[in-house]
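Labels for the chains are A, B, C and D, by order of writing; each one numbers its residues from 1.
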Amino acid sequence: MTAQVCVLYFAKSVELTGVKEEEIVAVPTPISSRDLWSLLLQRHPRLLLLQDQVVFAVRHQYVAIGDQVVTLGDGDEVAVVPPLSGG
Amino acid sequence: MTAQVCVLYFAKSVELTGVKEEEIVAVPTPISSRDLWSLLLQRHPRLLLLQDQVVFAVRHQYVAIGDQVVTLGDGDEVAVVPPLSGG
Amino acid sequence: MTESEERRDVFKLSRDWLSVQEVVDTVSGSSCGAISMFIGTTREDELGGRKVIGLDYEAYELMAQSEFSKLCDDIRERWPTVTHVCVHHRLGWVKVGEASVAMAISSPHRHDGQQAIRHCIERLKASLPIWKKEVYDTQEESWKENAE
Amino acid sequence: MTESEERRDVFKLSRDWLSVQEVVDTVSGSSCGAISMFIGTTREDELGGRKVIGLDYEAYELMAQSEFSKLCDDIRERWPTVTHVCVHHRLGWVKVGEASVAMAISSPHRHDGQQAIRHCIERLKASLPIWKKEVYDTQEESWKENAE
């Protein structure tokens, strides 16, 4: 199975990818968050600079990058979340 | 020695004495704060209702009613301080 | 001017509505990253069928000012990084729902200010010569007493 | 309406100057005797000869709102007496000296609110998807990271 997801970038990850958001048409699902990160790295190799610092937010829920498996549906939002600095 | 002092009343003690301030012309000095309280009680017996609840402020410094001896000078301010309730 | 000369301790007794913005502005400064505040208001309260409609405050004004200075000295001794301290306190009639005290403390980082503001309100209640009586809808009145 | 139905959790992301008075008014109510507040401002800072002139904020807005709701649930679970919670946070350009966040919590008595406001700012920094970069007088910029 694959899903068409909307990937959102924030903060430093916007500068590294040059985009704020993009549609990715055929993301395999279910997929581990680590494999999803590898998939984004293939598209935007400079994201490697954020390796070990980012987490995802999948449908507004934080997901650490690792073994955790996520199931994606068409239209789902996946955000790349660099270290937070609100307040 | 005696001193002429200005006694200030606040809160409940105003209601009990009926005055906000009064000059007392010949207060013995030095005097224990307990004796000073007795002196005020003679003038205003209803102050007895505040017995064990009040302290004095002599020249803006709190003084508990008890053995402590205070030295008064002409024009000194002595305040009767019922339980505080600021804030 | 050195940092310590710039520090402000501002106390105001006011018969008017308290401006929270004015209290905040008083402690603001470009070296302060954090402002901690406390505002005390009169709650709507019922005591044995009587409803509180407001509070009537009085103060020994000159002494309140000097006790406030001691309070600030004490705060600065415990939390030396505290930058500015401002307390506005109402006098006279304060309707239910209105603020009777507004205080703010600024500091470079938030932890000191947050601890200091708690100490500030405790000490204010324990040491400033200020009194309030509750006034009820029955026209009865009762002088209050802060807990130790 | 029961007490719990009346409770307000208000979150606002704003490109304008934050009104402290508006934040206070949002949490005011006749059952609240105490309002605890925290305001975070940008300090004037120098880092290796560069001077910070301001901050540029961005947020994942919809998610920030839902994380704020979780934060409020957590606060109410720990301090059930908390009445209202209001947080206003800036987006976009914030000059040095201006508030980037203003928050207030009301409660019948002060202790719960004072603890809750400390928790609120800690949790906000740890969990709300908001980012800032510092902008220097050299036109350099640097994304910040909150301490754990």
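Assume a contact is a pair of C-beta atoms (placed from the backbone, for glycine too) under 8 Å apart; a residue touches a chain by one contact, two chains touch by 3 or more.
Here the structure is a predicted model, which means the values were calculated and not measured.
Asks: Select the chain at the greatest separation from subunit A, using centres from the mean of Cα atoms.
Replies: Chain B.
Asks: Could you state the distance in Å from the CA-based centre of subunit A to that of subunit B?
Replies: Centres of subunit A and subunit B (C-alpha means) sit 74 Å apart.
Asks: In whole angstrom, what separates the CA-based centres of subunit A and subunit D?
Replies: Computed from C-alpha means, the inter-chain centre distance equals 27 Å.
Asks: Measuring centre to centre with CA averages, how many angstrom lie between subunit B and subunit D?
Replies: Measuring from centre to centre gives 49 Å for this pair.
Asks: Going by the contact rule already set, what residues in subunit A reach two or more other chains?
Replies: none
Asks: What parts of subunit C, by residue number, touch at least two of the other chains?
Replies: Within subunit C, the residues that touch at least two other chains are 40, 121.
Asks: Which label fits the chain touch graph of this model best, line, ring, star, complete or other?
Replies: Line.
Asks: Can you give me every chain pair that touches, using the contact definition above?
Replies: The complete list of chain pairs in contact reads A-D, B-C, C-D.
Asks: What residues on subunit B touch subunit C, complex-wise?
Replies: Listed in rising order, the residues of subunit B that touch subunit C are 8, 10-12, 57, 60, 79, 81-87.
Asks: In the complex, go through subunit D and note every residue touching subunit C.
Replies: Touch list, subunit D to subunit C: 19-21, 24, 28-44, 96-97, 99, 104, 108, 110, 114, 117-118, 121.
Asks: Name, in rising order, each residue of subunit C that touches subunit B in their complex.
Replies: Per the stated touch rule, the residues are 40, 57-60, 62-64, 66-67, 89, 100-101, 121, 124-133, 143-146.
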